[in-house]
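Next come two complexes, and both contain chain A; in the first it sits with chain B, in the second with chain C.
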Partner chain A sequence: MNGWIRMKNRMSQRYEGIFLILPWIIGFLLFVSFPLLYSLYMSFHNVRITGTGILHEYVGTKYYNNILFQDGGVFYDQLLPFLRQVLFMIPIIVIFSFMISIMLNQKFLGRGLFRAVFFLPVIFSSGNVIERFLSQGRGQLGFLEQFSISTALTQYLPASWSTPIVSVLNSFVLILWYSGVQILLFLAGRQTISASVYEAARIDGANPWEMFWKITLPAMMPFVLLNTIYTVVDLFTFPGNPIIASVNPTQYGPTSALIWVYFLIILLFMGLVMLLLGRAVRVTTQTR
Partner chain B sequence: MEKVLNVLRQRQQQFGLLKWAERLRLLLVGREADKGLLFRIFIYIVLIETAYLYLNPILYMISNMVKGLDDLLDPTVNWIPKAIYWGHLKEAWELLNYPSSFGVSFGLSIGASLFQLVACAMAGYAFARVQFPFKRFWFACLIFTFVIPPQVTVLPLIIMYREVGWIDTYFPMLVPALFGHGLKGALYVIIYRQFFSILPKELEEAAKIDGASLYRVFFKVMLPIATPAIVVVFLFSFVWNWNDSYFPMMFLFKMQDVPLSIALVKATGDLTTEEGRLFAQSIDMAKSFLAVMPPLVLYLFTQRWFVEGVERTGLVE
Partner chain C sequence: MAMPLIRKPFRFRRRSKLFRMSRFEKVVVFLLVLFSAFMLLPLVYIFNHAFKPYEELFVYPPTIWARNPSFQNFVELFQMTSDSVVPVTRYIFNSLSVAVLSVIAVTGVSALCAYPLSKHKFPGDKLVFATIMLTLLFAPETVSIPRYLVVSHLGIMNTYWGHILPMVAVPVGVFLMKQFIDQIPNELLESARLDGAREIMVFLRIVVPVILPAVATIGIISFQSAWGNTETSTLFMQDEQMKTFPFFISTLTTNMANNVARQGAAAAAALFMFIPNLIIFLVFQSKVIATMAHSGIK
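Take a look at the complex of A and B:
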């Protein structure tokens, strides 16, 4: 009898729960999975929009062939340099925002004021305003010109690597602008470590340096993973990105193929990050 | 006797010196390294430097916006203009068609963010606390949604919206939000999920024992105590919807009343005259200022709760 009631409860709970999640699932099917599959379908078809309807003409892997082998201009000349630049920007953004959030977590005079300032990038960097700042030459660091670092780099490194490094250095301020959300995420993550852990470590005679490496960093590893993923997503949908700029509703088929190549690269990137950092997360949480 | 006293005195002196050194060390390095003066100074230097980098363009924007012709031509005027000139702001106001575009932006952002606020909370709560079939699969879908760039799905969406006649309407920005999707919807679901999963279970159990249904528990018990998460999601959502120009650009082709983010790109001043070229930058800055002002004001008012909310949500695991 008791078991029956429990089962009935569990059943009703199951169905009740469905109505809470149902809107989201419908939305997922309508606005995410259907367009996703349709765009995959379009990448193999020549799509023409006529007055009476939409015509699909099967062309096979022609567009992919074009992008990767025959006419690789966009892919090899624009996308690969961009990817190299992203490779440099990700660690800089993650490490910088980690440092700032640790500092903002200390107790010091004027902390509230600093925190308010460090949330400003969230407002500014998501719009078109940031590009206006950069076009005014507000994105450079003074010391780069002073010590002519860029010329030194171009001398000692092969051009394929020195160009992205120099452009990263030149847009360093931009990188700082794009770490707003990451600082917030780290700051939130830092609050999940309870003060008693530090108290215990202090009594055991650990110094702050040890505490940082043995407590703070391991506990923050999941947030490092999350932030890296967020940064990858954010950078890959960057307005200045060559692929993003080429998406417009004129040629549905070729553009869909291009964006799918791009999407697969993003997924590959993501998988790599998960593999590398995911292992680190597991190791550190085990040793803890 | 004398010798012994001498030795003792010396020792005392040495000891005193040591004490001073110790005191100095404490002052500089602190009992723990993160409490000392040196570390403080280091923190201040780094933070002030970065804060300056953040504030510099904003101050530059404000200073350039109010420079008149004389100040722009005067090489001695760098940051602070001699007279405040409101002409640029006025011109930017007209170029942007401010009252109309402000209204559109405001309506869209408020609408979308309120929809996301509730819809994402429902989904987040379901993912955190409620059992439903294929939960793990749907959670994988959630993560997947978070990762997909909007550009992958935008072309099919344009075709889809054209079929149902939603192009050149505001529906494409609002309806997905109603279903807990829309701009960065997955991120908000994840934030809510994290928040709800760290709340104590006793609250819901007490309400359930009193016979409340799941919906009553959610809307009457869980949602009201989710204020920190709500503030964070609302502010993020409002600011991002406000600043977003990508979706409006894709879905509003020939609409007259465009949001500010689009007007900012479209409206350009007269560049044919000498004066126009000279003023172009100032007008650009004035336009940027007008576009970014409303979320900034909103942030100034909610900043307290926002910071607190970020700390208390613990955001994502």
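Take a look at the complex of A and C:
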């Protein structure tokens, strides 16, 4: 009897997780993984929708060939500058939101209000609000032209790097708007560090500078990784980015191929981030 | 007698430290005010844009403040909506119910999935999480055609299910929540189990309150994506009765050959579209901000 209960317990322990996960898994299989696999299938086929049904005609790697080698215009001209820009924006967004969250964690008058204001961009970012706003030239900083920073940059750097830097600087306001969720995540992460650790460090004579590097930063490393991943995902799947914008829903095959190539690139990017930051996280959490 | 002698330098040092802190605080507050001005800019812009009369809507360079605010745009919008076939309230009702239901579904399902992924070992949990990470990288635009097939085969075309179900399985929600649940010490859950709490109780009474910031964040994000969603109306709804308010708004403005006409109504509609987002934000954000400090983690 006792053994039976124990066994039942172990069984339920083992499978309880699956039961809780089940609703999500079903939805996921139906609406995410099946469509994705289907789009992979479509990328090797010429898909036409006719009155009687959907016709698939196998074309092999023709579309991939087109995108990568024959007609690389769309791909290389738009993707590479975008990648360079992203390369700049990610660290800037992460560091900026980290700094803001540290500031917002201080005690001062109106802190709640400021927190709300900095979280506010979350409700702009996905809507067409920002696009409308940017299309009217409101996201740019006037001082770049005024102090001829952009001309200096184009003089000293090769054009392939100076243009993304200038555009990042130009879109600084955009960076502010992208960092709503990141600020929030950092803020929540900062709260997980208990005050007694800081108190102990203060008693041992540590100054705020040392406390930041020895306590705050190591404890926040998992959140840095989390935020970097979030930022990468956010930037790469933003509707305004050049590849997504060039998605043409009427050409099923070529579009699917383009998306899968794009996906592999993001995957590579993400793998790189995980490799670099993941190691840093492991080191810091071990030393703690 | 010795006491004041000792106390004096101590007090001096404390005061100087206090002074330094307040100076630092001043810098912080100054920077925050500066940045938050930028943060508030779009908000101010949306409100003002809706009140601009036609001659100001197309001024270049665009202005932020409306010089002669008027209700003309709203009047125009009202006139346009009053002669539509399906009453506009029907669209709004559809939108609101879809948005509210999908917020509940998304947050609930994501949290239910994230908890075992983070705290239970079961066969295939690593695989599930790896898949989530991979699918994070796909833009939702990529799967619209296969999704159409799934929805039509399930027979949920022209139902509210068709609006909600495709939106439910979002990987971002699970990902964020799992990261938060990872931070909960196992001892906390273990002690609740020792006290006899069933798994569902542990989930509802401990996990959910602790990850409330993540739940509220996902709530805000999923509300605005559901509220602003025109895709499900375009693809899955043929019945005009089942379409949503943002779809209706987009038909008002995009089907026009002349791009200038109805821009005023579009600006007013943008404000209408934005206000529920703002309300939801204001309601949820206090939950978001009341972070883990009081949740009993550390």
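Definition applied: the second predicted complex is superposed on the first by the 277 of 288 C-alpha atoms of A that agree within 3 Å, B and C clash if a C-alpha of one lies under 4 Å from a C-alpha of the other, contacts with A are read in each partner's own complex, and residues count from 1 in each chain.
By our rule, a contact is a pair of C-beta atoms (placed from the backbone, for glycine too) under 8 Å apart; a residue touches a chain by one contact, two chains touch by 3 or more.
On a predicted model such as this, the values are computed, not experimentally measured, just so you know.
S.K.: If chain A is used to align the two complexes, do chain B and chain C fit next to each other or clash?
M.R.: Overlaying the two structures gives a clash between chain B and chain C.
S.K.: Between chain B (first) and chain C (second), which, if any, makes contact with A:66: first, second, both or neither?
M.R.: Touch partners of A:66: none, neither chain B nor chain C.
S.K.: Output check: A:32 vs chain B and chain C. Expected answer is one of first, second, both, neither. What do you get?
M.R.: Both partners, chain B and chain C.
S.K.: Looking at the overlay, what does A:194 touch: chain B (first), chain C (second), both, or neither?
M.R.: A:194: touches chain C, not chain B.
S.K.: Based on the superposed arrangement, let me know which partner A:237 touches: chain B (first), chain C (second), both, or neither?
M.R.: Both: A:237 reaches chain B and chain C.
S.K.: Overlap of the chain B and chain C footprints on chain A, residue-wise?
M.R.: Residues 13-14, 16-18, 20-21, 23-25, 27-28, 30-36, 38-39, 42, 100, 103-104, 106, 108, 112, 114-124, 126-129, 132-133, 136, 138, 173, 176-177, 184-185, 187-189, 191-192, 222-223, 226, 229, 233, 236-237, 239, 244, 247, 249, 252, 255-256, 259, 263, 266-267, 270, which sit in both footprints.
S.K.: For the complex, which residues does chain A have touching chain B?
M.R.: Those in contact with chain B are residues 10, 13-14, 16-21, 23-28, 30-36, 38-39, 42, 49, 54, 99-100, 103-104, 106, 108, 112, 114-124, 126-129, 132-133, 136, 138, 173, 176-177, 184-185, 187-189, 191-192, 202, 207-209, 222-223, 226, 229, 233, 236-237, 239, 243-244, 247, 249, 252, 255-256, 259-260, 262-263, 266-267, 270.
S.K.: For a test of understanding, state which residues of chain C touch chain A in their complex under the given definition.
M.R.: Within the complex, chain C contacts chain A at residues 24-25, 28-29, 31-32, 35-36, 38-43, 45-46, 61-62, 64, 109-110, 112-113, 115-117, 120-123, 125, 128, 131, 133-147, 149-150, 154, 165-166, 168-169, 171-172, 174-176, 179-180, 182-183, 199, 203, 213-214, 217, 220-221, 224-225, 228, 270, 273-274, 277-278, 280-282, 285-286, 288-289, 291-293, 297-298.
S.K.: Where on chain A does chain C make contact in their complex?
M.R.: 13-18, 20-21, 23-25, 27-28, 30-36, 38-39, 42, 100, 103-104, 106, 108-109, 112, 114-124, 126-130, 132-133, 136-138, 173, 176-177, 181, 184-185, 187-189, 191-194, 222-223, 226, 229-230, 233, 236-237, 239, 244, 247, 249, 252, 255-256, 259, 263, 266-267, 270
S.K.: Which residues, counting only chain B, touch chain A once they are in their complex?
M.R.: It is residues 32-34, 40, 43-44, 46-47, 50-51, 53-58, 60-61, 119-120, 122-123, 125-127, 130-133, 138, 141, 144-160, 176, 178-181, 185, 189, 213-215, 218, 236, 239-240, 242-246, 250, 261, 264-265, 281, 284-285, 288, 291-292, 295-296, 299, 303, 306-307, 310-317 of chain B that touch chain A.
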